[in-house]
Amino acid sequence: MASVAGGTPKARARRAPAVQPFADVRADFPVLQREINGHSLVYLDSAASAQKPRQVIETMERFYSYSYGTVHRGVYELGREATEQFEGARERIASFVGWDPACSIFTRNATEAINLVAYAWGRDNIGAGDEVLITEMEHHSNIVPWQLLCEETGARLRYLSVIDSGELSLDELDEVLAEGRVKLVAVAHVSNVLGTINPVGEIVKRARAAGAVTLVDGAQAVPQMPVDLGAIDADFYAWTGHKALGPATGLLHGRRELLQEMRPFLGGGHMISRVERDHSTWNELPWKFEAGTNAIAEAIGLGAAIDYLARIGMDRVREHERELAAYALERLPEVEGLTLYGPDGADGRGGVVPFTIEGMHPHDIAELCDREAVCVRAGHHCAQPLMRCLGVGATARASFHVYNVREDVDRLVHALGAAREVFEL
Amino acid sequence: MTDALYRDYILDHYKNPRNFGELQPHDLEFHDHNPLCGDELGVHIVVEDGKVAGLRFHGHGCAISQATASITSEELVGMPVEEVSRLGADWVIEQLGIEISPTRRKCALLSLKVMRGATTGDPSWPE
Amino acid sequence: MASVAGGTPKARARRAPAVQPFADVRADFPVLQREINGHSLVYLDSAASAQKPRQVIETMERFYSYSYGTVHRGVYELGREATEQFEGARERIASFVGWDPACSIFTRNATEAINLVAYAWGRDNIGAGDEVLITEMEHHSNIVPWQLLCEETGARLRYLSVIDSGELSLDELDEVLAEGRVKLVAVAHVSNVLGTINPVGEIVKRARAAGAVTLVDGAQAVPQMPVDLGAIDADFYAWTGHKALGPATGLLHGRRELLQEMRPFLGGGHMISRVERDHSTWNELPWKFEAGTNAIAEAIGLGAAIDYLARIGMDRVREHERELAAYALERLPEVEGLTLYGPDGADGRGGVVPFTIEGMHPHDIAELCDREAVCVRAGHHCAQPLMRCLGVGATARASFHVYNVREDVDRLVHALGAAREVFEL
Amino acid sequence: MTDALYRDYILDHYKNPRNFGELQPHDLEFHDHNPLCGDELGVHIVVEDGKVAGLRFHGHGCAISQATASITSEELVGMPVEEVSRLGADWVIEQLGIEISPTRRKCALLSLKVMRGATTGDPSWPE
């Protein structure tokens, strides 16, 4: 991992201090003060959605209370302030991931960002006989839009397999690309189930050499590691604010030439240049793809979330995630009957640890963890094809963010032990 | 301390489900799943004289969905098919004998859903 | 207007009390405490977006601080609370407009709601030779999606004209419908420029009799008058939360049979029932059309906004809007060179008053009003075809909500007088 | 009290715009609008010896966009076309002599946009 500076990751793990370096940020998250069933909250479901620091909550509150107005059109002071804050947030967000703000589009969420590409780029560029290549570890949001597109256009949807280590095979990628029919490669940067960190820069390079356009689903990556879109160089990169300590707004970063030649996706206010009776012309980028009134407060809130993460430093966030994952991988096997999934070790994975326990369904695991106020997720994690590859119907999953500490893993292990007792295992 | 949800008899039915497996040949069948968690449940029914003469559930799922299938299966055998088709969610929850939170409701109703699917063809969730 | 109980509207206007009945709600809107350029804020741009009461801001803040979690999937307490609040908000919002919650879909905004229909219903039901009928007073969000659809399908887009009174002609509607090619009628409930309250129940009835499906754009209606979707009975009804004192989330209400047979729009998490490798099946309504992570806090915030409006009573809100519009229509002509647009009088119009002043461009009007902290909008109001009908490039527009008082109109008249002085008119 | 934005000379140029109207025949032309407010501006240019020999703006818009067109038009007549094509936003703002807030920037730059459109064919907004 480029982001882990100095020392081998192993050596670092051994040096891990007893006191978490991030204990100080916990005071910023009001929800952590909650007690549930007599226990303090342990939130281990950040891969689904992250909690928000007061800096984000207060930014939105302040905006709504004192500067609310619509953007780009108000000549008056409130409109000016709203526009400045909104476009300022776009600029900081774009620079956080190393991309041009004019090619950084606010969407509803990552799902809408991917659908935007499927509709506005896909329908004009994918046809019968073409292939769309995704992987077995994709989230439904990076599967279903392509199924719909392929059904409509007669193209074929193919899957790169997930090999035993929980990784993708670049050899298989080369083989499929060599057949010459792949027009689009869409792949997760980090798997939301296995945690696998995919070599997306390399995948983009090979796909481009084979003439394919690339989309990277960064929903799990941007929140937890340094991401440099200039280096990855994908044609499209989608992510979602609510997993990055922010509110509900998504981002689509795209290559300028593609965005320029694409037809618009949603039609309506703000995305037009001129509306005649029978046809219209489109606004400049990025507004061409932002129809209707934006989620203004949410974009500004995401700006505050990004500022918060940047202040901590994404290298440190990544190291924190890696360390917590390593600690969970070390401790969870203490629970009898527990099976872990995903890459060996914590170096090639994000802060996500999926597991099952023999004789106890994941749903019941999550229910019983909740008795001790430990929030873990159970289910297919919007990745049914991957579940089938793993040969399970569902898994439990613990995932981390900046506010988690090693004690949270201890609490999880304790809750799992108690759950086994309830089940008389 | 007894757990309010995972009572002894629930765990017993989960671990030793009654009427689980397949029934070949059968007269009615239905298969469905809980979209929220991916649990799967199928049912095979043999009908004689308008009554459920034999019944087997199969699939995988959590303690609540599996135990419900097992517990209700004992009541369903011998019941007129017409009566089965009119069973509602309340009946299931009553059979189960525990309080079911909204989050686990679909778990508890999955077996009724497939039973009704088999007897009426209606694939919707019981109210 | 059904909502004006007792007395002729004229008689009521004469009885209007000197003290506004709504002065008491002003304390709920923190933004009204602002001073700009040494003047207290007068916000007259609610038709663009409304300010938020503290009840809405605090609801969102409380949710983010203590109950944040994703909906429908978390087995743990936070997930339960979030789901209850989110689906509870949907139920109250649906009942507020008299529709089935299962057929009430959260969208990004009204624009996305209309595009959803254009994509998911339109592409399967509109073909070459068919006609889509809209009106000259539509907002771009109810024009451009149909332009895109017609361009794609070869259908023809037609416009009902706006007659001199600023109204639509039902006779013209009948004539166009009689030609037998109209498959869809899409019309604004209330015009965002003229304020015209269209007889949408009657339009729906005639359209349905002619075999056409109907979509009503209620973006300007739901925020300011009682709306009973059961009585209007349109096939689709779209609106947007941010104009109804809420945050950025939209609503699409649809007829169950249509929503059921429609293909999904956006593909991804939560909208599926089962994802196979090559195809998927869809979740039940309304979730089939809610792909990806919802704007959860925003939906809950809109629930609080609806509660707030319901507490005041929409009959009273409507009467308040009518009265302020009447007062503005009475006072604005005092300004020399001023031209009003829209229906005569306030009975057939919402709380929206567009105007121009000879010798002063609307942009400059708005700029100079801002000197006295009076926020009015200037421009084409996302209604370029209507601007051409009116024979102007732009207008200024004042619009009202519950927090406005008669003194706000006085302040506007004063600011316009001062503006004329600056322009030496 | 003089208004900081609506100075006397701005209002004068707005009310009595110089070089307004059409020029027939002309060598170069361009027409555009400000998508935010719908303002329209067109330009006709007659070129002689590589210089702007004649120029007329036409259209409608706010005091800032109209006055900018009028004020700059006086500088543009006689300027080498090549020089016109290199003019930037700063030049316009300087000619205008007033501070322009971000909300009014496009108003101030619309005339430069159509001038550059006419002389270079580049339809983008000046930086």
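Read from first to last, the chains carry the letters A, B, C and D; within each, the first residue is number 1.
Just so we're on the same page, a contact is a pair of C-beta atoms (placed from the backbone, for glycine too) under 8 Å apart; a residue touches a chain by one contact, two chains touch by 3 or more.
In this text the structure is predicted, and so the values were computed from the model without any measurement.
S.K.: Between chain B and chain D, tell me the centre distance in angstrom, where each centre is the average of that chain's C-alpha atoms.
M.R.: Those two chain centres are 77 Å apart.
S.K.: Cα centroid separation between chain B and chain C, in whole Å?
M.R.: Result: the chain centres lie 46 Å from each other.
S.K.: Could you state the distance in Å from the CA-based centre of chain C to that of chain D?
M.R.: 37
S.K.: Could you check chain D for residues that touch two or more other chains and list them?
M.R.: 36, 104
S.K.: Find every residue in chain C that makes contact with two or more other chains and list them.
M.R.: 73-75, 79, 272, 274, 363, 367, 378-379, 384, in rising order.
S.K.: Quick check of your reading of the touch definition: is the inter-chain graph here a line, ring, star, complete or other?
M.R.: other
S.K.: Go through the chains and record each pair that touches.
M.R.: A-B, A-C, A-D, B-C, C-D
S.K.: What does chain B use to touch chain C in their complex?
M.R.: Those in contact with chain C are residues 33, 35-36, 101-104, 124-125.
S.K.: Please name which positions on chain C make contact with chain A in the complex.
M.R.: 30-31, 34, 36-37, 41, 43, 45, 48-49, 51-52, 54, 56-57, 60-61, 64-70, 73-79, 108-112, 114-115, 118-119, 139-145, 147-148, 151, 157, 159, 240, 242, 247-248, 250, 263-264, 266-272, 274-280, 291-298, 363, 366-367, 369-370, 373-379, 382, 384-385
S.K.: Spell out the part of chain A that touches chain D in their complex, as residue ranges.
M.R.: My answer: residues 72-75, 79-80, 83-84, 272-274, 283-284.
S.K.: Can you check the complex and tell me which residues of chain D touch chain C?
M.R.: Touching chain C from chain D are residues 3, 5-6, 11, 15, 36-40, 60-64, 66, 104, 107.
S.K.: Flag every residue of chain A that touches chain B in the complex, lowest number first.
M.R.: Going by the criterion above, the answer is residues 359-364, 367-368, 378-380, 384, 387, 393-394, 422-424.
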